Amino acid sequence: MAGNSIGKLFKVTTFGESHGLALGCIVDGVPPGLDLAESDLQHDLDRRKPGTSRYTTQRREADQVKILSGVFEGKTTGTSIGLLIENADQRSQDYSRIKDIFRPSHADYTYQQKYGVRDYRGGGRASARETAMRVAAGAIAKKYLFEKCGITIRGYLAQMGDIQCEFKDWQQVSQNPFFCADEEKLIQLDELLRELKKTGDSIGAKVTIVAENVPVGLGEPVFDRLDADLAHALMSINAVKGVEIGDGFAAVTRRGSQNRDEITSAGFLSNHAGGILGGISSGQKICANIALKATPSIEIVGKSIDIHGKDVDVSTHGRHDPCVGIRAVPIAEAMMAITLMDHYLRHRAQCNDVDAINYFK
Amino acid sequence: MAGNSIGKLFKVTTFGESHGLALGCIVDGVPPGLDLAESDLQHDLDRRKPGTSRYTTQRREADQVKILSGVFEGKTTGTSIGLLIENADQRSQDYSRIKDIFRPSHADYTYQQKYGVRDYRGGGRASARETAMRVAAGAIAKKYLFEKCGITIRGYLAQMGDIQCEFKDWQQVSQNPFFCADEEKLIQLDELLRELKKTGDSIGAKVTIVAENVPVGLGEPVFDRLDADLAHALMSINAVKGVEIGDGFAAVTRRGSQNRDEITSAGFLSNHAGGILGGISSGQKICANIALKATPSIEIVGKSIDIHGKDVDVSTHGRHDPCVGIRAVPIAEAMMAITLMDHYLRHRAQCNDVDAINYFK
Amino acid sequence: MAGNSIGKLFKVTTFGESHGLALGCIVDGVPPGLDLAESDLQHDLDRRKPGTSRYTTQRREADQVKILSGVFEGKTTGTSIGLLIENADQRSQDYSRIKDIFRPSHADYTYQQKYGVRDYRGGGRASARETAMRVAAGAIAKKYLFEKCGITIRGYLAQMGDIQCEFKDWQQVSQNPFFCADEEKLIQLDELLRELKKTGDSIGAKVTIVAENVPVGLGEPVFDRLDADLAHALMSINAVKGVEIGDGFAAVTRRGSQNRDEITSAGFLSNHAGGILGGISSGQKICANIALKATPSIEIVGKSIDIHGKDVDVSTHGRHDPCVGIRAVPIAEAMMAITLMDHYLRHRAQCNDVDAINYFK
Amino acid sequence: MAGNSIGKLFKVTTFGESHGLALGCIVDGVPPGLDLAESDLQHDLDRRKPGTSRYTTQRREADQVKILSGVFEGKTTGTSIGLLIENADQRSQDYSRIKDIFRPSHADYTYQQKYGVRDYRGGGRASARETAMRVAAGAIAKKYLFEKCGITIRGYLAQMGDIQCEFKDWQQVSQNPFFCADEEKLIQLDELLRELKKTGDSIGAKVTIVAENVPVGLGEPVFDRLDADLAHALMSINAVKGVEIGDGFAAVTRRGSQNRDEITSAGFLSNHAGGILGGISSGQKICANIALKATPSIEIVGKSIDIHGKDVDVSTHGRHDPCVGIRAVPIAEAMMAITLMDHYLRHRAQCNDVDAINYFK
């Protein structure tokens, strides 16, 4: 059916292949009266875009977004917003070699089997290039949520391979090409990535996303819980294999007496739950972690088959990120923003007559 | 808005509170001509139902399901199927004590803040009792998928606290009250649960779900990926805080050369991806893990506030599971079944003209 | 897929066959805090229910609705509301005769062809009995809309056969069994229906529905226009073959200079548009007409075929309404209420920051 | 919320204003392997496009559509198809005069009240220019349905003002600028339009759409009936005020014995129902009529108010169609095609295991 939309009230629908003419997006349900310009979207697009450091793919894309509708005299009109980014640096010849091959751990095999046809150029629709449009749409959500309730949604690289990067401060995150919040780890990260380049390998990563100032009450039990919709949105990002809300898998070994978040008249005493109780935001920080696998597009030769079922050796010499987790940070922020925006509007629809009470001193 | 439905073509909509008159469900989109009787649903309902062993809540519920529509002369007719389970053992008096209290780490606080009103009896809609209907609906999906493609969907308890339970064999799972696939761990599990009862505490758990014989091609990139929809469905289960597809968070420390699933003319050489590539099923086993937190409903006194914002001590003496992870097994199976069923129908809608090719010897 | 739901934010999902155990419904998205009791739903159910006058089917059904969830201590809680009506007077034997026959102009043929199986008892799911649940759900919408904005939604029989019934006053409508607003036509209506009973025939009708005090701004261009969603909701009622908004087909012969609704500082000078401009409510009365065909269930013998393709004669001696248009009045009111409620919530979600201006003296 | 999408499995989402940079559309759910080129869409776009005859607006637009994604090497890939048409002949100065005025019977007033802001240039999003994208999307549906089942979807002008145009033959329809199937009426139509130009007025119209070779079984009772979804799709077209399926309002005065469609082993004896029974296609021709109001954009001075509530006179000297019903023909065809395509895929999803039987000789 139709799988290229996300959100119910704030609905984002995307199109575009890695090496097609353009990437596009329709953002529907944006409240009217929001000041919006292309520059509001460009900042996050630039954070995601390739070729900005030696640590990411060298493909060069300006990722210049055009707003084609839904904004008039600088304000959103409440109608659908059309966004477009033209593909510049396509170099399809890079890919002709693997036209007839199923790259291992890529979507080549499953797209071919599902659709009987596929755009093999750079992974076509399965390429992470598609996420540029998520970032553009997410930037609209971020802007509205911040202006409306002061919500901030930020992420950082929490781990790359065995290198754990604690959260030190947000300033740091924007001052290095790794979205790392821990200055002390920058050298190790650099060394690991240089070594991977040398060996022609890649590495997995963990990214943490935090939303602050989220009002209590967002989320629709029982199926459209905020945590369930976040899991959906984050797991839909390329290469993501796991999602945690709050402490996630650490809860497996904990007892109720250790894991529960006690409450006093001064507020919550802890936030193991990651800001969501019963699928509804609690007013605490919303925290989520995602696990990203290492890209299988590496130079080290691997086994696979071609479209005739013949055994072949595969080695990827195209332009790839040694750690896709790095550029996943703005993408994951965008997906959390889209999800929160959708639930902000949903909550307003059903519960607008209700005022939350401030129980805390 | 409306958060009580899941699935697009196979759509499940539920209602009912822990201590209301009844739980109910409408299953819409079931193909016609499927042999279906209440006994087909009862088996899984009995696996989930409370009071079956000393290790679960002592609340007694027959959980007898009635099919009210959509089945005629033993066959589904293609119209919506109405299901009903009446609540028997309600004992609301158990809960009157906590009427004015927000139990820590429960949904009491967030429901009150979101809706301005809540059914405090046993957690009302937020109670895991709601999941009985998911199990009933999942049983329909399981039956159709098995009869149509031989798909089996089974789960087991992978870990409780620090006790890891490897997968040994499926027979074992049905022969103990823990859904444990590793006979050697039964004594440890029993001891842990006895100790928790004594201390009035609870414990977290990890559950693994495996679907076999799933055809290649299920899943709708880019947002309704099969893994994304599974993450949504599984994270929507009460107490779930994390979801992994395949190796999940283990991918963080792995290199591309270690983590990719190579392919040969004899088939895939590994399944780190958990049977999903690019959001589409690969024909391999689909594997997912979920992390369940320990229930905060414990006897050990904890801090909280009441609906007037006053500090109070909370201790729960109601009837609760020391490890909610145990009964989560059939629930998680049901959520995976509902998700696969939805995508089976979705795939048939768009790609019915395409025949997958068998590439493997 | 799943066709038994209507509404996006105020979502109504129904189940149940004419001669099944029960009819049921889940109403999802109801705002919390609304005072609601079964008696609030029963009034409209009684207006629709059969056997209340000599002019409708003699099937006897109390149509007593039970609220199974979503209401606690007399107030809606914001969770899904489960409704149930048990079927009492089923008399399946009435129908065994036509078990193998496709009644002309009924859904027998199309259900059999679509699903390969059908519940032949009284038309099964295709029976207008299904509409009882629409009326129950609509009553919730009506109550909320009236309490919130003073919106009233009322209908009347505008025409039966050649008898046109002008609108005189609303009082009259509740004082006769025809929902007729024109006292002078009651004798003619009675005579026509007696004559139809004698000849064993039936007749078509036109029903008009009017919503007053609807705020300006409801409707979502471009596809979910208020008029488009009303057309969908009204055309989904059994036997409806046409829908008009405002003057409808009369606009075909009119010129722009005759048909436009001019505006002055005192307000609109006319309402040819029926209260909707560009798919959005204008603040004027919303008016819609529907055309209902005569039921094909008549005693006069007609030609058809049986399930073996053999020619047969069909004559229906079951219990049927000589004019289904009569009881369609409360059903059409309910469908308009459900549609307005959905758009009321949708408008609040997106445009809550906007205040409409009163331009009129 | 999000009102710019139509269809569930074949989903069309549009953006664009009359005088914005471009119109765009995403068509999601298109089956893979369909041969598709821009030329396949251009034919219907050219039938709808302005400036092709003296009887339509003189605005000049090439309406050249670009396919930006979802098609590779001439075939659809199953991914979302992005379509774009750039606006050429914008002439915004035409509209600056009415910047502060609510044109009577236009959407100016309701958009302003709903959104608090509006793009006043040529009606912005409310302009019928938006329908170009519906025509492009509909052309994809038409092509698939024809290649797959030989379904044809064609429309004609059935009435303009008092001039009734019977259906004579389809050839005729493409040989005159009115989409008229009755050659004898061409002179009258021409005279009426010349007279309207002179007097600066406009006129209403009726359009009939017919789908042939539609298989039995399309439609999802009870809310997503085929007729209900057609009513929604057709009523969503600008200026449409009424929808009829089959004989529509003529059924009001008919008796069951006159109106029912009898069946014999040779087939149906009539088609008063318009090819839909119980919301499901019967295999007969599907026929629908729509009523279009005269455009209120006329030179004859009319009363209205400005955005300050002051009384003003309005006279439109922009470029407008004297009868918008003419160009509505390809638009209505497109909306029927989109609806049938969606239900074709929906039927395949749920009932693919069922084979319809040919009961007729």
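Per-chain numbering from 1; labels A, B, C and D assigned in written order.
The rule is short, and it goes like this: a residue touches a chain if its C-beta (ideal position, glycine included) is under 8 Å from a C-beta of that chain, and two chains touch if they have at least 3 such contacts.
Chain identities (UniProt): A, B, C, D = Chorismate synthase.
Keep in mind that this is a model prediction, so the values were computed, not measured.
Chemist: If you take the chains that touch chain C (Chorismate synthase) and keep only those that also touch chain D (Chorismate synthase), what is left?
Modeler: A, B
Chemist: With touch defined as above, tell me whether chain B (Chorismate synthase) and chain C (Chorismate synthase) contact each other through largely the same residue numbers, more than half shared, or through different ones.
Modeler: Since more than half of the residue numbers are used by both chains, the interface counts as same.
Chemist: Please name the chain that ends up farthest from chain D (Chorismate synthase) once chain centres are defined by their CA atoms averaged.
Modeler: Result for max centroid distance from chain D (Chorismate synthase) is chain B.
Chemist: For chain B (Chorismate synthase) versus chain C (Chorismate synthase), what separation do you get between their C-alpha means, in angstrom?
Modeler: Taking the mean C-alpha position of each chain, the two centres sit 38 Å apart.
Chemist: Using mean CA coordinates as chain centres, what's the gap between chain B (Chorismate synthase) and chain D (Chorismate synthase) in Å?
Modeler: 45
Chemist: Where in chain B (Chorismate synthase) do residues touch two or more of the other chains?
Modeler: 1-5, 8-9, 14, 29, 32-33, 78-79, 114-116, 125, 221, 345-346, 349-351, 353-354
Chemist: Report the residues of chain C (Chorismate synthase) in contact with chain B (Chorismate synthase) in the complex, numbered from low to high.
Modeler: Checking each residue of chain C (Chorismate synthase) against chain B (Chorismate synthase) gives 1-5, 7-11, 13-17, 20-24, 26, 28-29, 32-33, 66, 68-70, 72, 75-82, 84, 114-119, 124-125, 345, 349.
Chemist: What does chain C (Chorismate synthase) use to touch chain D (Chorismate synthase) in their complex?
Modeler: 1-6, 8-9, 14, 102, 104-107, 109-111, 113-116, 125-126, 130, 159, 161-162, 196, 201-206, 216-217, 219-225, 227-236, 238, 240-265, 269, 272-274, 277-283, 291-298, 300, 302-305, 309-311, 346-347, 349-351, 353-357, 359-360
Chemist: Could you list, by residue number, the parts of chain A (Chorismate synthase) that touch chain C (Chorismate synthase) in their complex?
Modeler: For this pair, the touching residues of chain A (Chorismate synthase) are 1, 8-9, 29-33, 78-79, 221, 345-346, 348-354.
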